[in-house]
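Next come two complexes built around chain A: one with chain B, the other with chain C.
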Partner chain A sequence: MQELRNKVKELLSKGTVQTVIGYGEGTAGKVRPVFITDPGNTDSLIFDLRCKQNLAVYLLKPEVKQLGKAAVVAPLFTLKTILQLAAEFQLADGDIVIIGMDDEGKLIEFPDLAAVEAFVTRYDDLSAETKAELDRIEKMPLEERWQYWQKELSRCIKCYACRAACPLCYCTRCTVEINQPQWIAVPSHDLGNLEWHIMRAMHLAGRCINCGECARACPLDIPLNLLTQKLIREISLHFNQRAGIGSKAENTLSTFKPDDKENFIN
Partner chain B sequence: MELLKKLSSKGWRIIAPVRSGNQVTFREIAEGADILEDFVQSTQSAKGVIFPPVEELFRYHMKKEGAELPEQEKTIPTTLVFGLRPCDAAAVNSLNAVFTWDYQDSQFKERLENTYFMPVSCSRADEYCFCTSVGGNPGDTRGSDILLTKLSTGEYLAEIVTDKGKKITELAPGLFGAEPLEAKEKNLAVVDRRFDARELKQKLETLFDSNIWVQQSLRCIGCGACAFVCPTCVCFDIQDEGRGNQGKRLRCWDSCGFSLFTLHTSGHNPRDKQSQRWRQRIMHKFSYQPDRLAVTGCVGCGRCSRACPVDMNLLEHLVQAMAMEVQP
Partner chain C sequence: MSEFEPKIVAFVCNWCTYAGADLTGTSRIKYASNVRVLRFPCTGRIDFMLLLKAFANGADGIIVSGCHPNDCHYTSGNFHARRRWIVFRSLLDFIGIDVRRIHFAWISAAEGAKWAEFVNTVTADIKKLGPNADYRRLLDAGIA
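So, the complex of A and B:
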C-alpha cells in the first residue's frame, strides 16, 4: 500500500496527472472511490481484498475529465475495461496513467496499453465458480430456467443502478431514454424488466469483461452478472472472441467481414 | 401473530417484513409466514403499498368519435402494513403532503384511506440511521395508526394513535389490555442527533453556489438506487403503453438523479451535471419541501446510504454541509 501511495504522490507532485482515482475507507468497513488531487493527501488511499468496485466507470465521466489528466488504480478487471474502452475508441493510449495492482496488492507499472495486454491475457475470463453456476442454470429444463429468471427479474425496480455502475454502459443517451419510439418499456412490470435486462445483456455481448459491478450495485441483489457471463461463454464458444484483452480488438457483434462463414448476405 | 390472524380472517391484506435472500423485504403474507422483527431496516421501504412502482392511471380506447376512457372497477383492499419502522410511517406524512398539496391525487388518497400502519419501535439502530436529526425518533408515532413497542416481557405496548388505529382495536378487543406494563423508553434504541433540521435548512439556503456539491458528488454514478429505496421520494414518470387504438397510461417511479429527468425537448438540460442533481436532491428534501409544504422530505431511515454502490452516505454529507463556512 505504501508503494501505491508513494507512486500517487510522485504522479501528483510532478504534475503528470491532476487527479488519481483510487479506493479509500468508507462507512462501516466498506470501501469507497476517492479522487486524490493533493499530493499531501495520499494516506487516504488503500488497497486490499475489499477493493472490488470497477473504477473505470469514472474514466469517461465529464465531471471527472474536467479535473484534468487522471490516473486510476487498476486491478485486473479495471485493466481489462481500459483495454475494451480503447478497443471501442473511447480511450487512446496515454490518455490515462494506469496504476496496475495485482492480486497480492503489489504495484505494476504499465507504460502503455501493449504492456497491459501482455499482462491480462494469461487470466481466464470466467472463474471455476462462475462456470459451475452457469452449468447449473444451463442444465435446468427450459420451463424451470424461465421461472428462475421470472422470479429474479420480477424484483427489479428499474433503478438502472446496473447500467450506471457498468463502465461499458457509457452512452450519453441510453436506448431506454429514447421515446420516439419507446423501444424498451420503462415501468418495472414483468415485460419492462425482461426487455431491459435482455437488451442490456445483448448490448454487452462481446464487450463485458466480467467485473460484476452490475450485480454488486443492484440494491435488490439480483444476480445480473449471470446474464452477461452467459454471453461471455457464448461469444467465446461461437465466435472464439474475448473482450478486454486487446486495445485494437474487434467487437464481435458489430464487425462484418466479407469472408464471414454465414453467406446468406452475399 | 394473533391480531394479524384476526384481521386476515376479516379479509384484510397483511403486508409484513420477511427475509428474502440476504435482505429484508415487505411482502403480502399468508398465515404462518415468518415475520421478521429483529432487523434494523428493510432494503426497500413500504411506500409501494400506497404509491406503487407501477400504477395504472386509466385505459383508453380510440374510437371514431374520440377517446373513450372506460371506468375501471378498482378496489383497493383494506391493508395493514405491519412491522415497518416508525421512520417509514412518518414518511407517509411527507408523501401525503406532496400528493394532496394542490392537486388531490385520488389514487394515492384512496390507497392511503384503505391502508393502516402498525410499525414496531426500534430497539436497535445502526450508523446509517439519523431519525433524530430530522424530527423523528425510534419510538415516533407520526404516521402510525397503532405503534407497537416490544417490551422486555415479550409483550407489546400498543399506542393507539389515530381513529383508524381505534378501529383495529374494535375489531380485536380481546387482544388489547389496558395498562402499560413497562416504560416505552427503556426499550428504544438510542440515536444521537447529528444536526438540527431547521438549522440545516438555513445553512443550505446559503450553499447553492458552493463548490461542496461538486466535491461530494464526484463518486456518484447517477444510478437511482437512493431514490427508489427512499420512503419519501415521489418523483414519477408517465408512460403510455398502447397497441393499435387501445392502451393504458401508467405512472411509474423515476429519479431526479437521472440526467434524463430535466432534459427539455429543446435539448437544453438545466441539470446536466451530476453535482447539480446531487444538490437538487439535498435541496428538495431539506430546503424546498420544508419551505413549501412544512414537512422535511427525509425521515433519516438511512436506506439510501445502505443501498448506495459508492457509499455516498447522506448523513456524512449533511454533517459536512452543516460545517461549511460561507463567505457573506
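So, the complex of A and C:
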C-alpha cells in the first residue's frame, strides 16, 4: 500500500498527472472511490480485496476529464476495460497513466497499452463457478428458464444503476431515454424490465469484459451479469473473440467473417 | 371454436426477399395470409429491438429474411445481420423466450416459390406452438 501511495505522490508532485482515481476507505467497512489532486493527500489511498469497483467508469466523465490528465488504480478487470475503451477509440495510448495492481496488491508498471495486452491475455474471461452457473441455467427446460428470469427480473426497479456503473455504457444518450419512438417502456413492469435487460446485454455483446460491476451495483441483487457472461461464452464459441484483450481489437458485432457458422437460417 | 390463426410479422430486405415475395404474388402462388410483411433497406438495418417490439405488439411468430450471403445489395449487410442473429438468438434462448417463434431465411428475388413454402411452413409451426402466451401475460401485466 505504501508503494502505491509513494507512486501516486510521485506522479502528482512531478505533474505527470493532475488527478489520481483510486480506492479509499468509505463508511461501514465499504470502499469508495477517491480522486486525489494534492500530493499531500495520498494517505487516503488503500488497496485490498474489497477494492472491486471498476474505476474505469470515471475515465470518460466530462467532470473527471476537466481535472486534467488522470492516473487510475487498475486491477485486472480495469486493465481489460481500458484496453476495450482503447479498441473503441474512447482512449488513446498515453491519455491516462495506468497504475496496475496484481492479485497480491503489488504495483505493476505499464509503459504502454501493448504491455497491458501482454499481461491480461494470461487470464480467462469466465471463472469455473460462472461456467457452472451458466450450465445450470442452460440445462433448465425452457419454461423453467423463463420462470427463473421472470422471477429475477421482476425485482428490477429500473434504477439503471447497472448502466451507471458500467464503464462501457458510455453513450451520452441511451436508447432507454429515447421516447420518439419509445423503445423501452418507462415503468418497471415485466415487459419493460425484460426488454431493458435484453437490450443492455445486446449492447454489450462482444464488449463486456466481465468485471461484474453491474451485478454489484444492482440494489436488488439481480444476477444480470449472467446475461453478458452468456454472450461472452457464445461469442468465444462462435467467433473466437474476446473483449478487453487488445487495444486494436475488432468489435464482434461490427465485423464479420464470410464463413461465420450458424444452423438456423433456412 | 375456430382454429388459432397466428399473427406473423416478416422483416424482409428490399432487394431480395421483398422482391421475392412480390414474385410469389405475380406468379399467382397462394400462401398463408397470416404474414405481415415489413420492408427494410437491408437485413443489416433490422435492429433486434424491432423483433422485441413485434412480440410486444402481439406477434406470435417472426420471420427475418434477406439476401443470400454474398448477394447483399450493400455488400455486407447480411453478414453483419447474421452475426447479430447468432448472438441475439442465443440470448433469447437463455432468457427463456422460445426461439422456435423466430425464423430466419435467405430468400432471393428469384425464389418466389421458396417464400411461399417458407411462410406456409412457419405458419404451420407457429400454429402448433399456439399463441405467444408467455409474452401476452407480460403485456397484460404491463401498464404501457
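We take it that the second predicted complex is superposed on the first by the 255 of 266 C-alpha atoms of A that agree within 3 Å, B and C clash if a C-alpha of one lies under 4 Å from a C-alpha of the other, contacts with A are read in each partner's own complex, and residues count from 1 in each chain.
Basically, a residue touches a chain if its C-beta (ideal position, glycine included) is under 8 Å from a C-beta of that chain, and two chains touch if they have at least 3 such contacts.
This one's a predicted model, so the numbers in the text were calculated from it and none came from an experiment.
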Which of chain B and chain C A:Phe264 touches, first, second, both or neither: second
Which of chain B and chain C A:Gln150 touches, first, second, both or neither: second
Touching partner for A:Lys69 - first (chain B), second (chain C), both, neither: neither
Touching partner for A:Gly26 - first (chain B), second (chain C), both, neither: first
Partner chain in contact with A:Ala165 - chain B first, chain C second, else both or neither: first
Partner chain in contact with A:Glu234 - chain B first, chain C second, else both or neither: second
Contacts of A:Leu194 with chain B and chain C, given as first, second, both or neither: second
Touched partner set for A:Arg216, first chain B, second chain C, both or neither: first
Partner chain(s) touched by A:Lys131 [first = chain B, second = chain C, both, neither]: neither
Overlapping contact positions on chain A, where the chain C interface meets the chain B interface: 182, 185-187, 189, 192
Chain B-facing residues of chain A, complex: 26-28, 30-35, 53, 57-58, 61-64, 155, 157-161, 163-165, 172-173, 177, 182, 185-189, 192, 213, 216-217, 219-221
List of chain B residues in touch with chain A within their complex: 20-23, 43-44, 53-54, 126-128, 214, 217-219, 221-225, 227-229, 237, 239, 241, 250, 252-253, 255, 258-260, 273-275, 305, 307, 309-311, 313, 316
Touch list for chain C against partner chain A, complex: 48-49, 52-53, 56, 69-70, 76, 79-80, 82-99, 103-106, 118, 134, 137-139, 141-144
Residue ranges of chain A touching chain C (in the complex, touch as defined): 137-138, 142-150, 175, 182-183, 185-187, 189-192, 194-195, 197-199, 201-202, 205-206, 227, 230-231, 234-235, 238-239, 252-258, 260, 262, 264-266
